[in-house]
Structure formats: C-alpha cells, structure tokens
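Below are structures written as structure tokens.
Across the two complexes that follow, chain A remains constant while its partner is chain B and subsequently chain C.
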Partner chain A sequence: MTGAAPTALPLRRARSRTLRRLLANPVVALAAGFLLLITLAAILVPLFSPFDPYETTLRLRLRPPGGDWLLGTDTQGRDLLTRLLYGTRTTLLLGLSGVAVGAALGGSIGILAAFYRRLDGPLMRLIDVFLSFPSILFGLSLAAVLGPGLNSLILAIGLSVMPGIARIARGAAASVMAQEYMDGGRVIGLPDRILMTRYLLANCAAPILVYVTLAFGDAVLLAASLGFLGLGLQPPTAELGSIAAEGRSFLFFAPHVSTAASALIFCIVLSFNLLGDAFRDAADKRFG
Partner chain B sequence: MIGRLLHRLMTSFLVLVGVLWIGFMMLQVLPADPAAVIAGPTGTEAEIEAIRRHLGLDQPLAFQFWLYLQRVAVGDLGRSVINNASVAAELLRAAVPTLELMLASMAWAVPSGLLLGAFAATRRGGLMDRAVMALSVAGVSVPVFWVGLLMIQFAAATRFFPIQGRGGPLWTAEGLSHIILPATALGLILIGPTARMTRTALADTLSADYVRTARAKGASELRVVADHAMRTAWLPIVTLLGLQVGTLMGGAVVTETIFSWPGVGRLAVGAIVSSDYPLAQGAILFLATAFIVVNIVVDLLYGVLDPRVRRSA
Partner chain C sequence: MSAAATGKILRSPRQTAGTLPQTERAQALLQVRGLSVRFQTDAGAMQAVDGVNLDLHPGETLAIVGESGSGKSVLSLALMGLLPSIATVTAERMQFAGRDLRSLAPRDWQRLRGREMSMIFQEPATALNPVRSVGAQIVEAIRLHEKVSRKAAWARAVDMLRQTGIPAPERRAAAYPHELSGGMRQRAMIAMSLVLRPSLLIADEPTTALDVTVQAQILDLLRGLARESGTAILIITHDLGVVAEMADRVQVLYAGRPVESATAEALFNGPEHPYTVGLLGSMPSKGERAEALLPIEGSIPDLRALPPGCHFHPRCPFAAARCRVERPPVAEVRPGHHTACWFSPLLETLEKST
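Here is the complex of A and B:
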C-alpha cells in the first residue's frame, strides 16, 4: 500500500464512474448481460436441467428443435441445450485457465523486461516473434508433442495470449518504473523481489487486467477451433467446438446441432470482443 | 536498412532453430523404437543394435538433434508411419493448394478491406463507418468453421458450387469453381482487420497538413485519398497484413479441413489425429518456416514503402 495509499480513494471513485459510463452504452450492457447470463446458466445447469449430459439414447437422436427438447437432441440423442451449456462450461473454463497461464507468463516477462533493462531487448524480441505466430500452430505443435487433451490445450491458449499481455505489462511497468516511489523503495533497500511484486505489479495490474478481457475472446475462439479440429478434449466431454464438429456429418438433415453450437461460440466471442474494445477505449482515456 | 535486416534475419534464425527443436521433439515421442520397426519382426537384437548405431540413436540427444538438422537441411523429413510416403514429397504436393487458397482469399479480401476502410475513414461517424466497424468486430469473432459450414449448406441447397476438394489448377474452370467457397470463407476473416486498420491509418493521415494542402490546391477527393493520404497510410496497413498472415494460416488449417482441401493444414491435422509424428513434424515445420519467410518479406516491403527505413543505417 506504500505508494498507492494516497491515490486509492479517488481511483476507486473514478473506477466506478468509468464502469457506469461503460454500462450506459447499450452494446456494452447487452454484451455484459449476455455473458453474465450464459455464465450463470453454464454454472447452474445441473440444477435446472432435467436431462443428463452424457446418457445416450440413440432412439431419440437428431430430433429437431421444439417439443420436449428446446433445441432438439444431438447425434447421440442427448438434449442439445443441456449439452451446449455443459460445453459452454468447459469452453469458458478452458479459456479462463489458458488466459490465466498466459497472464502469468506474459505478466512476468513484461515486468522482468521493464525492471531489468538488460533483459528488455532479448525478451521483447522473443515476444515480437510470438506475437504474430499463428496461434493454431501452437495448438497443433503442442497436440503433437503432448498429445491432444487438456494440458496441450491450456498451454496453447496460454502461449497465444502471452505475447500481447507481455507487451502491455512491459509498457505499464516501464511507466511505473519512472515514478519516484520506485526510487524511494530502492533507497530504503527493498529487495528486487518486493519491488517487482508490491510496487510494480500492484501498480500495473489494472491495464493488464483490461487486456486480459480483450484476450478472452481470442482464447475461447482458439479453444473452440482446436476442439472442432478434434485436437481438444476428447469425447464424450461436452465442449462447444467438438459439438459443432459432431453435427458436421449430419449438416444436411439436422443442421441444428452445428448451427446452435457455432452460433453460441460466436455470441460468446463477440461479447468478449465488444466488452474488451469498450474497456480498452475507456482505459486509453484513463491510462493515456 | 542492412543492419535492420541482419538483425531481423538473426532473430528469424533463432526462431527457426526453436521450431526445428520442437519438430525434433515431436519425433522423440514416437511410441515405437524406430530401429526395431526398421529391423522388422524377424530382426535380431544385434541387428537392431546395429541399425540404432547407424541412425545415431545411441548418441546423446544434442548430437541427434545435429543429425536431424543435417537431414532437414538436405530435405529429408523422414517417412510417414501410416503409408511410408516421403514426408517431403507429401508436403510439396500439399503446398501448392495451400498457397492457392491463401492467395485466392487475399486477392478478394485485401482490396475489399482497403475499400471498406477507406470509405469508413472518409465518412467518420457515419452509417457506413459504423457498419464497417461492426462488420470488423463480427469478422474477428466468428469461428471460421461456422462460415464454412454455412457456405456448405448454402452450396448444397443451391448446387452452385462444388463443396469438397480441389478441382485442379486455378486457371481451369473446374479448379476455379472449387476454390470459390473455401477462399470466400477464409477471406472473410481478413476483411475485418484490414478495413479497421485502413480506417485508423487513413483517418490519421487525412487530418495531416499535406492532405489539407492537396485539397487546397484543388485535387479531387479520389486523388487526395488514394494518392496523398494513402501513401503514408500504407505502412501500418502492410505491417498489419504481415501480422495477419498468421491468422490467415490458422484459418487455412480449419478451412482446409472443412472443405477437404488437400493442403498442408489438413495434412497436419490429419497427421496429428492419426499419430503420424514424422508427417506432423514435417507439416508444422513447413507452416512455421513459411510464416517466418513471409514475415521477412514483409519487413523488406517496409523498406520499399518507407524511404526513412531504407536510408537509416
């Protein structure tokens, strides 16, 4: 709290004002509302859905939407809506873990680069390369080395969001490095470890978090694309990308399976991107 | 310029070594002992040992990596464990369709993106501007496979276009009709970012003094935008296009899979799913190297477009 204490109160007030202004934008409110709703539904689905997400009834497969099943049934006769919500749960968790890995990696790299000037050049050059590297290639390579599955997926997402976060973190940390309280901390003899966490990280957490929202959409899209290619979690785990792929063979007489799954992915990613854009615009105004 | 390029080449070289290391590691996870596979079921212990020594499998990992580099340098990427075909030959066969697909989608998507972006920039805040921005957010949010699936449904209903595979070289009618759907699907993900970047870059230059001068001396609006403002706006746009090659490549992997397009991406996915490590290694190596090369070319283009970069030593 040492450095931030005097500014904490006005900052909080400014933050709630920014938030209110953001939500006054109908697009942002709609996106935030949708994400809130779908997240809640995905968490609470075992409580309200009368259907089992894994029990297959081949007799009832590929029923069209309407009737007993709101969105119809899938290729194995399971309620599609239930499957989709369980799938959303998996996909969101994948995105969350991947982004967390990426934020940890990228945040550390950015802060190290800003703190130790000597590391700045080499680290950032590495990041530049990662930045434009096709994220699907991370997924392909990791699936090839570690085998398709949870670990390779999360690592692939992490690696794909890491460079963006590292750049933001470095930028934010570099401006904090110029603050007087950094010199103050150094003068009273604090070790580098404390300076980097309590001083640097604490003061550039906000811009990093803003960027994390921005990265979420990409993370979900990557998870779904890898799932669609069959390089994600293996069946019978419900995951939005693999549900879309399952319905692909029945596209012509039961298009609802692929369409519903793909449309849901689109809405989730779009909402994250809209929110992220709005956050970034607001942050640009605040952080200059 | 020379220094910048050397710097760039050095970085690219290091990345290439990293990529090769990953490719090498992919071959290390092979479940079967390659020497035992080559010796066959009747091979004796001594024969296996001899083959192992011949392949260098008894050497330390670092030395094996060196041997691997030597093999890759002469174009020997091993053989597929599924059909024993040469990986290098398979890749060469798949490279042309992938290149075709990427070029065909850029051929329509980049000009459209530029035009849309230019329209949006000259009518800031207007209906067109907002439509373009909405389109670009939607474009980066839509899963490529959904676009592909929708197109397949459309094509199946109307029977306008073939939905599977490649019909032959691009200059034949068959080849052209087969590429339309996949190229449209892949190009759609490129329009958004291109339009957005063009809009931002042009909006910056349109308010510059020299643009006002051009207007003041009576140049037509088309000339002001296309000639004066666009010339400086090219730089960020080209940079972005270079970065987008990565996205395009990722999209190509998915698009090829959906449309059964016989390219490198489909080859890579198929190889990984069927645990064909040598082929997977080769395909990933190929895609990564292609990506690195394109980025160097973009850097060179940068020098052509910006005299400041060219002259600075």
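Here is the complex of A and C:
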C-alpha cells in the first residue's frame, strides 16, 4: 500500500499554483485585469451608459473630452466612450468567433495531418500556401470576395488565423502520436474517431490553447484593421477600427476620436499578446 | 567451455502439457508461417523480421526471446496489425481463430482487438492515456465491444482491478495514471487488456520497466488471470528468467530470424543454437557464485547490412568456413525442437570433433 490518496487533487492544486504564479507577475496581472475590465464594460455598457450609441446629434459633434462626455463626442455627435465600448463588443466578438472558427478548422487539419500520415503532405502544403500570404492581405481579399456581413467577416478572420493554429496542432499532435498510449488505445480496439479525440486531441490541447490565446490578439487586430479599411461591418454599427477611421479626417482639430479608438485597440491587442506569452512560458515549464 | 555452461539451469521450467508435439494438438489459435516485415527507410530497405513461424494453442504460453533489436516488438506489432504504413508485412499464412489476418479490413481489426486479442506494453507509464482515469479507460474498452450500461461497465472495471490485486480498487479506478505507481499502472494495463477475456494476450516485455520485487508479482498475476480465462499468452522478453517462469514453448530470434524453437524445458536443458547457448551463459545464476558469466561477444548486426551466411557467425565461437557463406536452414533436431545451425545437433557434433 503506497498510501497516496488516489484523487485528482495534486493536479488541481498544481493548476491553481500555476495560475497564482502567473498572476504574481505584475505585467500579466495588469493585462488580465484590463481585459477583464474592458470585457465586462463592453458587455454591461447598455446598463450604465445614459447615451444611445446610434442616435446622431450633429449639433454636438466632435466635442472634446470632459464635461458631459467623458471622452468627448464623435463625428456624429454620439458619446465616444459609449461608442467605443459598443465597438469593443463588436471587435471582441469578431475576434472570438474568428479564432473559434480558425481553431476548429486549424485544429482539425493539424490533428488529421498527424493522425493519417498520408494526409500530412497534402494538408500541410495547403497550409503553407495559406501561410505565404500576409494575414492582413489575406483577410482583406477574403472579406472583399465574400462580401460584407458578419459571417463572411468571421470566416475571413478564421481563415487568416487557421494556418498558424494548424501548424502548432500538427506539431503537438505528431509528438503525441509517437506516444505508446496511442497504440495502447488501438490494442483495445478503439476506432480512429475516439483515438483522434479522447486520445490525440485531449493530450495536445494545452499547447494548442496556448497558441490560440496568442492568435486572439492577431484576430482582434485583423478585425479592427478590416473595419478601419472599410471592409468590416457597415455603419452605423460601432466597431473600433471603423471609429478610428471615422476620426481620421478630423485628426488635427479633434484628435480624441482616432486616438482613443487606436489606444483601445492597442491596449487590447497588447494585453492578449502579453497574456499569451505568459501562458506559453508557463506551459513550457509544465509540459516542456 | 560454452557447451559446458549449457548444463546449468537456474530454475526448472514449468511442467505443463505444452510438451506434446504440435502436430498432435488441436486447432491452433494462432498459426503463422513465413512472416516477414520489411521497412522502407531513407537508408534503404530493412528486413526487421524474416521467416518467422509461430504456433500458439489456446491457453498456452509462448515466449519470443532475443536481444534488443532482434525484431521482437516489430513481430508483436505485426500480429496486432499496428505497424505503420512504411512497413510491409508478408506471410504465407497468418491465421488467428480461424481468420486470415493478412486480409483483415480496418473495421474487422478493431472488432478483433481488445475483444479477442489484446496487448500490454513494456512501459505502463506511457501506455495509458494520461488524461483519462484508468477506470474510464477500462470502461471504454468494455463499452466498445459490449452493449452494457456505463454503470455496469464501471462495476466490471472495478472488479477487474480488484482481480489484479490493486488495493482499494473503487478509489483507484478514479485515479489518473500519473497518480499510480509503476506496478499498479501495469496492473491497470493488465486489467484493461484482460477485462474482455481475449483468447490471445501479447505481452511485450511486461516486466522490464518494473521493480524486481514487483516483476514476480506481475508474472504471477498474468499467469493466474490467463489460466482462469483460458487466454493464450505470447510473451516477448529478453529475460530468460521470465521465460523459465512463464513459457511452455520458446522461440529464439536473432536479428529478426528464428534461430531456435523448442519447449521451454528442452531449451533450458539442451539448447541447440550457439546463440541460445550464449544467452543462457550470460545469465547470472544463484548458487554458483564463482562461475564467471559468459557474455556473447559483439552486438547485434545492423539489419540493413547483415553479414552473409549465418547472421550469427561473427559472434559465434564455433563459426566455421561454411557459416560465413551459407545460411543454415531451420531443421528439426528432435521432435518439436527446431534450430538453424550447421552444427546441430550441437553436442554430438562437438563431441565428434574433439
């Protein structure tokens, strides 16, 4: 009798310890705190903002920050803070859905390529083709081809982040394929479907998820860029990139519009990248 | 000198019905003739297994013996249909329980594995899925082949774990592999592979990664459970102690080629092939402290560049001119005792020459 209680406790404890160590880093804590705050604000904005995000009052346009409007008003006389928070909603949603699509596609391709060796060559060469386009150019042409609209935008963002995720997934899955438990699953007669999900995917989910966090920053940036270039959702929908673009013509006498929107995009993307890096470092320590 | 070493035996092999000549036996469970496995590598083709014949009867234990690199594990993977696509498997005959393994569709393989043939691996730490509890893995195996409720399958999994001697099986079933000790993991692995009472269990070095004190327990367990369910065991090992403990019949492989096959008793009492003699001589024995070990000189050859003639001749103390050019065929020295050596029967030949 070895005495150790056979519970999952040690693992859970290790997990919360990893989390605590991550948050002990002030930069990570700041990034996580900012993302949490901005996400909550974006979700809850209809509850606390007294302003309508769509009603235009031309008389009140381009008011500087301060007074009744914390961040001033935009080119149509709408409260900029309210617009920005609604815009954050859209941009985060686009990024999240885009990454979800990209992770589903890329993850499947990577897993399939690692599991069926004869698919490896064709699938990965296809991914190489995708990778050879700069993602902004790729997203731009896709958005143009697919036309405007939420779904085509999500698909464009998804396809842009997909190749990176596919490569990471394939690499992680290939190393799991070499593990004996893959054969261990086969000898009890498991079909490929279960081997690919409960064995392969379950064991390489961690590195894939870490990469997905990093890809999230890219996706948000891409969503904002497409909005800025006018290929995003059409006005009057608030979107961070398009708000930044709207303010561009008035940059000299009302710089707050573009500046606030750009600063917000910058902070969100930076936070995601910092967080992703921290996750990767933590994962390297645990899995490496 | 080497020949003299053959007389000393560590433990007498287990006495069983396995001494009958195979031709008089009932229908074999597994019958393999001329099994060859060739790997296509960047550095050229590699013949990992060449011309292996196997006969395994229900309830019998056959040991495959050889050094590392002698193709033992490749052979077991070939029998389970688990070799990667770069391997080409050919055989004149590959029958298992009335089925031809050579022409089995993937679906049929899946139905066969787990229920009729199963396998345990050398390293229980890596052979269990780390992200699922051992109970869940056993349940998976049961529910894959039998239509039973999750609850009933769980009860059976716990029961099977209990049979393998794991203490507090109800709690251990919920444990993840990393929470168990090596011996317990191997017990869990055995539980998983025997829960459906397959007719064949392939055990690839089942005790190599384990503590010596645990080894004997695991072997006892395997033997006990197999006898109970009538499971035939194909045990792959380099440890002649394990062979003495477990096997009815032994097949010795050298560089992927069969060099000797006999009952365990005959092999320990009168090994015919110089390689077998060497294996026995390089084994420490109790009681004869002063006796020096007789290692086999050199190491196993590169399978891509095998020496001509008898593949063992560069390391063989008896090697003659003929051995360097002509490969000896497998011949029957005594009923049920086959060997591939120009000098067989070894003792008589040596006596004649001195």
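Keep this in mind: the second predicted complex is superposed on the first by the 276 of 288 C-alpha atoms of A that agree within 3 Å, B and C clash if a C-alpha of one lies under 4 Å from a C-alpha of the other, contacts with A are read in each partner's own complex, and residues count from 1 in each chain.
Note that contacts are C-beta pairs under 8 Å (C-beta built on N, C-alpha and C of every residue); 3 or more make two chains touch, one makes a residue touch a chain.
Everything numeric here is computed off the predicted structure, so don't read it as measured data.
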Exercise for review: With the two complexes superposed on chain A, say which partner A:166 touches: chain B (first), chain C (second), both, or neither.
Suggested key: neither
Check your understanding: Is A:114 touching the first partner chain B, the second partner chain C, both, or neither of them?
Key -> neither
**Study point:** Partner chain in contact with A:85 - chain B first, chain C second, else both or neither
**Key:** neither
Review point. Regarding the shared-chain residue A:219, is it in contact with chain B (first), chain C (second), both, or neither?
Key: neither
Point to revise | First, second, both or neither for A:179, with chain B first and chain C second | key: second
Study note, to complete from the structure: Between chain B and chain C, the one with more contact residues on chain A is chain B
Review point. For chain A, which residues lie in the overlap of the chain B contacts and the chain C contacts?
Key: none
Review point. What does chain C use to touch chain A in their complex?
Key: 77, 80, 82, 84-85, 109-115, 117-119, 121, 123, 126-132, 137, 140-141, 144-145, 167-168, 171-172, 174-176, 178-181, 184, 189, 192-193
Check your understanding: In their shared complex, at which residues does chain A touch chain B?
Key -> 125, 128-129, 131-137, 140-141, 143-145, 148, 217, 221, 224-225, 228-231, 241, 244-245, 248, 251-252, 255, 258-259, 262-263, 265-266, 269-270, 272-274, 277
Review point. Hey, which residues of chain B end up touching chain A in the complex?
Key: 11-12, 15, 22, 25-26, 29, 137-138, 140-146, 149, 152-153, 156, 242-243, 245-247, 249-250, 253-254, 257-258, 268-269, 271-273, 277, 280-281, 284, 287-288, 291, 295
Revision key, fill the gap. As the complex stands, chain A meets chain C at residues 1-2, 4-8, 10-11, 117-118, 179-181, 183-191, 194, 198-199, 202-203
